[in-house]
Amino acid sequence: MKNDKAKEILKLGLPKGSLQEAALAKMAKAGFNIQVSSRSYVPYVDDEELDIRMFRAQEISRYVEHGYLDCGITGHDWVMENGSKVHEVGEFLFSKVSRRPARWVLCVPENSPIKSVKDLEGKRIATEVVNLTKRYLKKNGVKAEVEFSWGATETKAHELVDAIVDVTETGSSLRANKLRIVDELLSSTPRLIANVDAWKNPWKRQKIETMALLLKGALDAEALVGLKMNIAEKNLAKLLADLPALRNPTIANLSLKGWVAVETIIDEKIVRELIPQLKAAGAEGIIEYPLNKVVY
Amino acid sequence: MKNDKAKEILKLGLPKGSLQEAALAKMAKAGFNIQVSSRSYVPYVDDEELDIRMFRAQEISRYVEHGYLDCGITGHDWVMENGSKVHEVGEFLFSKVSRRPARWVLCVPENSPIKSVKDLEGKRIATEVVNLTKRYLKKNGVKAEVEFSWGATETKAHELVDAIVDVTETGSSLRANKLRIVDELLSSTPRLIANVDAWKNPWKRQKIETMALLLKGALDAEALVGLKMNIAEKNLAKLLADLPALRNPTIANLSLKGWVAVETIIDEKIVRELIPQLKAAGAEGIIEYPLNKVVY
Amino acid sequence: MKNDKAKEILKLGLPKGSLQEAALAKMAKAGFNIQVSSRSYVPYVDDEELDIRMFRAQEISRYVEHGYLDCGITGHDWVMENGSKVHEVGEFLFSKVSRRPARWVLCVPENSPIKSVKDLEGKRIATEVVNLTKRYLKKNGVKAEVEFSWGATETKAHELVDAIVDVTETGSSLRANKLRIVDELLSSTPRLIANVDAWKNPWKRQKIETMALLLKGALDAEALVGLKMNIAEKNLAKLLADLPALRNPTIANLSLKGWVAVETIIDEKIVRELIPQLKAAGAEGIIEYPLNKVVY
Amino acid sequence: MKNDKAKEILKLGLPKGSLQEAALAKMAKAGFNIQVSSRSYVPYVDDEELDIRMFRAQEISRYVEHGYLDCGITGHDWVMENGSKVHEVGEFLFSKVSRRPARWVLCVPENSPIKSVKDLEGKRIATEVVNLTKRYLKKNGVKAEVEFSWGATETKAHELVDAIVDVTETGSSLRANKLRIVDELLSSTPRLIANVDAWKNPWKRQKIETMALLLKGALDAEALVGLKMNIAEKNLAKLLADLPALRNPTIANLSLKGWVAVETIIDEKIVRELIPQLKAAGAEGIIEYPLNKVVY
Amino acid sequence: MKNDKAKEILKLGLPKGSLQEAALAKMAKAGFNIQVSSRSYVPYVDDEELDIRMFRAQEISRYVEHGYLDCGITGHDWVMENGSKVHEVGEFLFSKVSRRPARWVLCVPENSPIKSVKDLEGKRIATEVVNLTKRYLKKNGVKAEVEFSWGATETKAHELVDAIVDVTETGSSLRANKLRIVDELLSSTPRLIANVDAWKNPWKRQKIETMALLLKGALDAEALVGLKMNIAEKNLAKLLADLPALRNPTIANLSLKGWVAVETIIDEKIVRELIPQLKAAGAEGIIEYPLNKVVY
Amino acid sequence: MKNDKAKEILKLGLPKGSLQEAALAKMAKAGFNIQVSSRSYVPYVDDEELDIRMFRAQEISRYVEHGYLDCGITGHDWVMENGSKVHEVGEFLFSKVSRRPARWVLCVPENSPIKSVKDLEGKRIATEVVNLTKRYLKKNGVKAEVEFSWGATETKAHELVDAIVDVTETGSSLRANKLRIVDELLSSTPRLIANVDAWKNPWKRQKIETMALLLKGALDAEALVGLKMNIAEKNLAKLLADLPALRNPTIANLSLKGWVAVETIIDEKIVRELIPQLKAAGAEGIIEYPLNKVVY
């Protein structure tokens, strides 16, 4: 029995390095607690149906494509760079502050004469995403030399090459290096991807889908908060009419005659505008509380 | 359109150094996510109407007074030391553990003959708050030399000067240096202060007030928790009568006949005394949950 | 008055070192905020009835037994190793990931001929728990030399001694050192222990019991989450019948006719299986929220 | 006996902070090994005639002037800023890489209209050296407001003030902040300074002078190296004539007829030019060795 | 004048990352003091004729080949991997402990059936040196898939690929991962390389050669020590005959009749065997001293 | 052949922890370069005849006694505490600053009534050296309880026990804890110890003695420096007569008539007194240089 059961294992790849901490934290919020040990390359996870491996984000899509992994979390950019044939299960936004995607952009020094991709003809470009860049040039009918950069690409634009293709989130590192963005090649977010065959296996697919559902629930919950308040019944209709943000609230009767409790889930970003309005509309005892997961 | 809008910017100063981490965390709880970058002296904030600068707490009131900043968070002590003419919007307590204000105290070695401020006549005092100390001496009719101390003031009291004026929260550092407190000059807490002209500008004032409301809601929430329990309706009246701490509870009917759910917000500090009493009064399924913000 | 009151102090010992951070975090969740200062060996706690001391986990039971401490948190293993006569108040699980107890195991190199404790006759064993090991050998009628190991015990099994008795949680460090577990001597979890006389003192006992109740409430809450959802009344009975995990839910009437809000507290571990089932059963707006304390 | 002897103590102040590590290393090279303990504000030194205190460089000249210290190592800048009346015993260069003095410079944003000190009339200047700056303005007949900056002065020049007076060694931090140097107020190097009365005390003066001699010997040795080579006697005259850098070499007879050993002390900076020339001139077996101290 | 002079600049590339600290330390021993600042990508060097850039070791040969750099220090392995056409000026050993070259080796799991390169036919190999590996396979007439590994290559040999080509110095990391070395592809040491055109420019070539001479002098000196001793003249001949390691000693007459001073430079590694022998041969007052540079 | 040779291995134990860095540095100065890897418990050493293991200083003497190690470096204190029967080869002083031995002292609170060991009758003592303490009490005819302290012993003297036996070098930690030294039990320095049988093996003994000779040469060299100066021949006799510290100088003739070079090795501690005297006696061009090893 146990042996049969033991065969049902899902191999999941998670990214090492800059995305690692965020990926592990999100998995924990989704309900999968993972412990990475310096002694072993196999992390511990409190789900016997999962077998986890950590790789550089750049490599995961390749191993998912080859079937060494059933599924993995990696950036859309590296799926594209590697040209991996995989099934994309879902998209997730990890970064709390900006929730902005990573952008791969073509940059030149602020005072460079290069104004568009067309001006790159015959030039030299340094980048970590050689394939993406070559495809982009081809699409634009431009011939230029593309060389692999092992890092610190933004420091090379001033002396060593004519342009770079680098990743940025807020653009501040580019500005600090006095670079100008000429074009955007790709906007990338973290994805859960699956091996094509694994996706056809019913048990694996269900396991992956459940994981995606929980992960989505956890990530959605980061951007949302619970809001609860008491209000006189007579003011309720106007409150709901004026504040469409309070969509589908749960309205519970209170023992205090004429009063109800209104509870809803809203985007944390609008709380700072909403609270003064709620007070103005007669709401009392407004409390905001954190959520672990939200599944509609 | 966009240009007109772009003019409506509030410049906010936040303290660097020891208060920095707390200030950023509280702002995040209030709904303003800020990212400080080593590459830029302008932090990123996810509110386009805010423009944030980080300064030493000692300097903020001066820049608010001069109008370089519209408002700022700093300690009451440095507003007083600088003698800055600013509008005080609100007071906030940051420290979770003690919630005690910082105290600027006059100290001497344990075995010093100095017993009161009067004994300082003709003596030498080292301090970081030269102006506060001079005003204090003047008020007490004492003439003494006050010199600026660049730090580690508490080590100077034994050899270099006759007394010091230093800041303490719990007094433990003073005791470790065998110093005795003679008098307290000032008790200080963090404040949100505004430039006098900015406060007269309706848009800026509303923006500042909203920020203060959310910050207060977030800080209040740190000291409070949500408490929920089920109780038989027949026991409810006695429960509420005996436990005045449960002020203004929300009482919801349950489908189980004869039972109600009682929910309230209380000071976290009294939970440890309250829970045993609630159990004794017949409450069941007591749960305590965290809050992000509380606005009455 | 105050003086009489001041006599009612409970001396609590907390573990330094590897357990320290967890112990302080759990105490904070229980409502006791503690600040450890490098300047003083007496930590600050926001409860005037508590006097806290930090010791190595190995030493606490001895000081509780002697009465220098009224109570303390330490591992069951060190109570046993020291043979301390103390009252055990409660057991607590600290580690979020595995919630597995620490196990003291007899180990030998993978390729050692030793297969059972009987094979240790005349051998040499290195361990940090000399007394536990001697008692274990005696119980098994085996005579062997036991020597105290000052640390890094697992590296000694291959060259210096024939076997070791070492502590492990997941066994990964043992595997990395190519060691095989022969037997388990003791499984240990953190405990709250009390001095026998302190336990007879009504004030101290009540104080200890309250602390244990709150600590248990906080630890239980770590493994539990709140779950809330809306469901049509007609689907409710089936939902509850099919999902016994939803024991004792609070069911509140909503103003929307025919719908109720179901709220319950469940083990976080089953959420990942439960949520897909809830959706299938017709639940909507499912949210999971964190808990600080749960007291049934 | 011992008591009389015990009175002959020299109190020496050394700088904390950025200069601390260098100052302690140089003292060690001079033969005075000092151990700073986090437990005590009195460092240990292996010379019973010395009593060492650590202060911020800004404060040392004041305490030397007042006589709390007999002598101290601090920057010339802070002696001048404090206007301290002390005896300057010697100047020392600490930094190996550049051996350039610290320069206090008047800076403005690159694109500021301010071109000279005269353009500061009526402006506002931020600086850590308020007194130096005021004296400089007065000397130039300019009236401007000078305010004390608590740090990060270079970030203030763009928004908060019109100009700053800041310290720089290589100017790279100024360039990174897009600032332009308008004028230099002061060039500063570390100094050994003495209290005027201590300098009149023969024992103290001799102790200070010996310390200065050894410190100078140690610092000189950092910029120098020993160079040794063998050369045929017939080539010696030409070698010495052509290479005046080899001043005052020690020439020793070797047992090998017609050969001598030439040994000298030279500036490390010229070694990289000299060695190829020495080889060309017939020198063999050239070795360069490090020196601890050099006293001419 | 200055402008003409300013044109004579040598652009030198130094490796970032694991080789960086060693490279900067060796340059300093050679007489070139370099300061890397986080604020600027152009390091400061105390030689106005040098212009330094830091790159990943992997990239330097490419930039030297292209002429962006006149010369650079990098590993022989990356010159080969990149297939860069550059002039090799000299070889240097950086590591004090082992002075062993880095070896790129073909590895498989200990229990793999692969015994030689021939067994790789149709297999998959992960490596950071894709070109080197492909050339190696071609030379051996083997067809296999080679994929680029972004790091942690040694963890991939057990599951993801059939073999890896990885770098090792002592082999301990390979053993820890239970890998077996099948073959060695390349043995690599740090090299000073020059651009072909720069090498033809007389000024640049002389500057590079001087730098190489000094660097070699500094590196040689690390493996050597000075040894000095006194010996009676009558024992001298036998000492020199018996100990050929004392090649070309400098023998100086002492004023003490019948005694001479013997001084020589020897390999530090043989000192531990030599000193007991010297004592036995009648040498007295043996001292060993460190060297900065040695140029024969 | 190689196999026979391979049997001649000396197993050396070195201390982990606080002594580790110093022990490895001293071994390197003696000519044995050791590399400790986190991946392996067997350090690499560049001498194939040595096999090194790292243990806690407390354990080494036991493993030397049992023969698992042929020799080891550890403190005299732990040899005594363990009562290990080993051959002591030599004593070494590691600490540059104080060169003072570690002292195990009996301490009590400053205001304790305990004035001598006799006052300990019936008291309780905490210590890390239980055996040493019991022997000391027995020797003094005192009966007291001795309990093992797992660390931070000095904090226990005020509340938990009546006295402690703790280790101190400068006494500053004891003073900071307001403890008074009652008596000294043992003064301890690092020792090279050998297993009794290994010492009888000629090859091992010679290997150990060579290592001891080199280690002593390296440690002696730390306290010594080379001093070289030129002096007119006519002043030489007086110089040598007046300065007996210049024992056995090497006096070499210079080519400059009437001048000699005087070179000697002296204790670094007296340099600071000697240099002014040398100058006064007519010495010129005095240089001090560092030594690696000194073997008389």
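Order as written gives the chain letters A, B, C, D, E and F; numbering starts at 1 within each chain.
Following the convention adopted for this analysis, a residue touches a chain if its C-beta (ideal position, glycine included) is under 8 Å from a C-beta of that chain, and two chains touch if they have at least 3 such contacts.
Bear in mind that the values here come from a model prediction, so they are computed numbers and not experimental data.
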item: Third chains touching both chain E and chain D; value: F
item: Pair in C-F, A-E or D-E that repeats D-F, with over half of contact pairs matching by residue number; value: D-E
item: Turn needed to bring chain E onto chain F - CA fit, degrees, nearest 5; value: 120
item: Gap in Å, rounded to a whole number, between the CA centres of chain F and chain B; value: 53
item: Where chain C and chain D are represented by their mean Cα positions, the distance between them in whole Å; value: 58
item: CA centroid of chain A to CA centroid of chain B, Å; value: 35
item: Sites on chain C at which at least two other chains make contact; value: 252-253, 289-290
item: Graph class of chain-chain contacts, one of line, ring, star, complete, other; value: other
item: Chains touching one another, given as label pairs in label order; value: A-B, A-C, A-E, B-C, B-D, C-F, D-E, D-F, E-F
item: Residues of chain B touching chain A in the complex; value: 30-35, 37, 39-40, 44, 46-47, 210, 213-214, 217, 221, 226, 248, 250-253, 260, 265, 289-296
item: Complex contact set, residues of chain D against chain E; value: 96-98, 170, 172-173, 175-176, 225, 230, 252-256, 261, 268-269, 271-273, 275-276, 278-279, 284-290
item: Contacting residues of chain D [partner chain B, same complex]; value: 16, 41, 53, 55-56, 58-59, 62-63, 68, 147, 149-152, 155, 159-160
